[in-house]
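What follows is chain A paired twice: with chain B in the first complex and chain C in the second.
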Partner chain A sequence: MNLDTLDLSKSMRRLLLLLLILPMGLLVMGVYGGLMQALFRAGIITSDPFVGGEYYRGLTLHGVINALVFTTFFSVAFGHAVISKTLNKALNAKAAWTSGILMIVGTVMAALTIFAGQADVLYTFYPPLQANFFFYLGLVLVVVGSWIAFFTWIPPYLEWRRENPGTKTPLAAVGIFVTFIVWFIASIAVAVEIIALIMPWVLGWVDGINAMLARTLFWMFGHPLVYFWLLPVYVMYYTMLPRLAGGKLYSDTAGRLVFFMFIVFSIPVGTHHQYMDPGISAEWKLIQGFFTFMVALPSLITAFTLAASLEYAGRKRGGTGLFGWVTKLPYFDSSRWLFAYFISGLVLFIFGGISGIINASYQMNAIVHNTAWLPGHFHMTVAGPVILGMLGMSLYMVAKLTGKKIRLRKMVMAVPYVYSVGLLMMSWGLMRGGLQGMPRRTNTGLTYSNPDSALYRADWQLFTDVVVVGASIMFLAMVVYFAAFFLTLVYRQAEEPAMSFQWTDSVHESPTPVRWLHNFRPWVITAVVLIVLTYAPVIYDVTTSGYDTSPRYGPDSPAPRVNPGPQSEDIPPPSTSDPEAGDERAERLDLLIE
Partner chain B sequence: METQTPTDETVEEIDDASFVPRGATAFFVLLILFFATLWFSMYFEVLSRQ
Partner chain C sequence: MDKSEALALGLSAVLLLVFFVAIVFASAARGIDVPTCITDPDPFERGQLIEHAEDRYELQMVAQMWSFQPRRIEIPAGSQLEIYLRSGDIMHGFKVEGTNVNMMAAPGAINYMSLTLHEPGTYALVCHEYCGVGHHNMRGEIVVTES
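Right, the complex of A and B next:
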């Protein structure tokens, strides 16, 4: 079913290419940084051999580029294309360019502070770790830029609704709007965190920061962020994968229900990241834990709907018996190379999903909290279906937008399979190590993986080694992908550039809109009510729990930073040569803690 | 997917109205059992540490 006849303007095509190619260039560094993380943690390197830098600098770069920049740029570019093509509407190119430029300026700003060693605060930038002001400003610009992109889609959509009364909004457009509704609501929380709490503290206008409130606001944004990553890939799964497999989507209505459920349940869940945090009452942690289980429902519906869609395709291709259809899918058909990216992501998501449910289980969280289990889990979601879907679609869109044929296509098709093997190995190593207490966000190469250290853990060595092998396999797969991506870009043009998608048909589809799945408003209102009900008590808890505000810290020392700020400036730096100075420092720190 | 157009080996005609996803249903049941197995293995791991 082809809905689109209107092509993107030349200006919009250029913008989309910029939004896809620039973060892909940065992703090269982000992926390299990921391999370095594995080598650091195994003790194979103690400093980055090529670009220098410390462990936490590399970790910040890896997280910010891969999880924030690449995903946001892709989602905006994909959103522009999907909204324009499904509604057959031209978008406001000036507004779209303004959005893109803000995002690029913000990214450059944040990246420069990271490279300069002024923002070793990881992608979560938890206070009281403090980065350079421009790191935060850069992130704000990226977020505001993405909001502007979202706002450019609303007028053409309202116009389309007026022109098409009684017509269902195309499913892909529903998915993109849901993605950005979730993103917009959630990113208000992080905007408040940065603008109202962090920036005044960084600028020295206030002496300390309520770290608990900042963490709460971050996770009010940080968990829905996961769905902001995932939902564009769900759009691909629902509207492209079934046709790619040779079949149809089993139920269009199920797809709509899934997307709308994400509006309601994506946000009142963030406190499950704070089960171990003080200052929030257990009741509200449990309630948000319950909603985290609720947000698993749309993913379970998706698992069934996509399996049914693939079964339809497999049976059409000659599959018989209960599972014969599984063997008939086009896993190695290079003319449908994108199928490999989708199916690999879906398989990885099985493991990412169940490990997420374990994390969200209140008491169970105690044995995985802050261990290597967590990166093991989230790499099987964000580095699994999310990145694979986005990589595949980036290459597809770039080829369409430039009119070029995809180079190294058979190798491109093999990339997700090889990558997935590496990812499963890496995540296994991290999760098994995590269950034995291996910490996350720690340069274990200096201690637990270092045979010369008193803290050396020989029983963790196997897990660290498997992580290195897995990460190396992922890295090699990514090298092939990057080669294909940039070769495709520089190769000669084969046809007239034209952005197009071919959407799937549905087995079951209501010809007219289902009333309660037609309008966004009731779902958004329900979501806002639920957010207020679940978060007001949590915010109240963290603002009244009696904890004092915190001075500034850096990753290089467990003591507060000496400057700026009156609370910390009189505390002497650590000294190994003057025991008295050390005692004085300890006393002052005790006073500060009290 | 250069074009996303099925070029295929379609060999079977399926009546959409009568299509019942038996395989997907079985897959889903197995998926839930798999999830339950992993979840309970972690649950017993928690109990063993008390």
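Right, the complex of A and C next:
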């Protein structure tokens, strides 16, 4: 790797600390919300005992904070650090601060609307359900802020290329650029959804919205989003894990190929979230299903390369026989505590990946679509390798940036193992229940898990209960993690703050750049061509097959909102032919009158 | 890339290809498919069950906050049920428990799937997309009687 002589400026160190600590504070709420949802779903609580409010508000908060805010902030902070350290270049601090401030303002804006009960729309915010204008504006600011961070890395990289002709770009930098290229292209879709479709409609400039078009644009962003989560962790796996395990990366070339494949195949896949949707022809769904299998390929190569790297390390540490090396890895070496975060994530990702391939399998999706199976699956990806990698790296970076010693180191090392046991239990409960038809995003505690309800499902009770046990174990592990994180911060400084990473070497490496793995441009062009080819027919379908556009709805009333704006309290129309819905409306009327 | 890595790459590609071929086979040869784009039926206002023949029914289903309309239908075992689904307001989900019928109800578009239930019994319909404060109440049922 490069000579690493230049450290981050004081201003950049401060920015990075802010970007790492602020979302960690929010994550405390997000994690608490996660436990509450398990309790809600099992019928143990019907109102949040501390914060108040109900299930769907907590679920919105949980999704937005954990999956959107925490991950984006971390990736920007990690990107700043990796790019400046690998290229040995100073970044434009003004631009970086502008990006950070935009993201913070956006987050505060979105969080306040959620807390105020003005955005109970979950993190997918499907129109024609409508939230407060500032919820959407907040999300846009977070996204635009992250774009600016990405743009600050481009000029120093171009300069580096001019200064180092014929040198390979450091693998970690390749990974970070790929992460943000995927993010940039994909988030254009959600920016268009929000700015061109949702905002004019929320403000009342237009009366109707094409709900299917908005949903399609969301998933054009929403699936690549999962690779935006995963790729920074792949950077850690490829460039840090092998050395941490006591070995080398098996193949540098494979790492490059994997990252470049993600540029091409991450985006033309979003329609696999819409297999069960109307208004899109089955053949286009199948084609995007095909590309979803293509994007599984780099992850399968990763499984091989990382296993080979770990085997190399295990044998160097004295492992023999076919599987003897497995036992020699530093699972419980608290001086290499970060290894525990990586290896736990890798094991969870085996299950996360397999269940993901099942979801992608076209007609098989009918069994699991929108059932509790889905959160069971994605907690083993985003709440598995992704969050564990990001938690480990946040603590590592914060300690380096402040020059402090990590507190409760042994417990920090135990956290990912305990967390993983809880996660496996929770995911089992969700997935098993899902196969039995238990829906996701549903406050089952009031009906399906409530023995007093006519809708009670005794056969789902076991699954929601196992979820409670699993979620409690995860919560406990997270409490220990947060304690260690914040204790580390408040203890006094032990050494001069200096950001550094321990990069790994490779077993197989081509000394000169492999031509087709040297430049981003051909891969980006291929990606854009594929996106146009796969999405043009889908967009055409959803814009031409509909018969009507939709007015604005709030989550609390079946009648559309007459006046634009979040405050309108419409009283639902009293009569329908359906007696039960009528009761519901009567109850709502009573509440309003009170 | 070294030999074993190229082999791993090749085997992974073959594995995924086998999966994909299985999907295409199930779709083309067995007719097990996902909903497609349909534009011919007129958007119906109210939900209803229409009997076309003794063993052929058409269900026009409206999903709305927070109920299915009709909420409960009865059909004889072995009859074919053509389900047309639309939303009366926002996004909803529609899953017939224990079957492959799983659809999104989106405003402005009509969804379609066909279903034949041979076993008599009660099949729960569950809304599985968040649709506001009453979402967890949104349930219906299909009762299959002895034919």
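One rule holds for everything that comes next: the second predicted complex is superposed on the first by the 554 of 594 C-alpha atoms of A that agree within 3 Å, B and C clash if a C-alpha of one lies under 4 Å from a C-alpha of the other, contacts with A are read in each partner's own complex, and residues count from 1 in each chain.
Following the convention adopted for this analysis, a contact is a pair of C-beta atoms (placed from the backbone, for glycine too) under 8 Å apart; a residue touches a chain by one contact, two chains touch by 3 or more.
Since the model is a prediction, treat every value here as computed from it, not as a measurement.
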For A:R407, is the partner it touches chain B (first), chain C (second), both, or none of the two (neither)?
neither
Look at the residues of chain A and decide whether chain B or chain C touches more of them.
C
Quick one: classify A:K316 as touching chain B (first), chain C (second), both or neither.
first
Please indicate which partner A:I367 is in contact with in the superposed arrangement: first for chain B, second for chain C, both, or neither.
both
Regarding the shared-chain residue A:I357, is it in contact with chain B (first), chain C (second), both, or neither?
both
Once chain A of both complexes is superposed, is A:F304 in touch with chain B (first), chain C (second), both, or neither?
both
Looking at the overlay, does A:H62 come into contact with chain B only (first), chain C only (second), both, or neither?
neither
Which holds for A:A254: it touches chain B only (first), chain C only (second), both, or neither?
second
Examine A:R336 and indicate which partner it touches, taking first as chain B and second as chain C; both and neither are also allowed.
first
Where chain B and chain C land on the same part of chain A: residues 250, 300, 304, 308, 357, 361, 363-364, 366-367, 508
Touching chain A in the complex, chain C uses residues 1-2, 4-5, 8-9, 12-13, 15-17, 19-20, 23-24, 26-27, 32-39, 43, 46, 64-67, 69, 71, 85, 89-91, 93, 95, 97-98, 100-112, 124, 126-137, 139
List the residues on chain A that touch chain B in their complex, please.
240, 243-244, 246, 248, 250, 300, 303-304, 307-308, 310-312, 314-318, 321-326, 330, 335-339, 350, 353-355, 357-358, 361, 363-364, 366-367, 396, 399, 405-406, 409, 435, 501-502, 507-508
In their shared complex, chain C is touched by residues of chain A numbered 54, 56, 59, 120, 122, 126-129, 210-212, 215, 250-251, 253-254, 257, 274-283, 285-286, 289-290, 293-294, 296-297, 300-301, 304-305, 308, 357, 361-367, 369-371, 437, 439-444, 446-448, 455, 508, 541-542, 545-550, 553-558, 560, 577-578, 580-581, 584
Within their complex, state which residues of chain B touch chain A.
1-14, 16, 19, 21-28, 31, 34-35, 38-39, 42-43, 45-46, 49
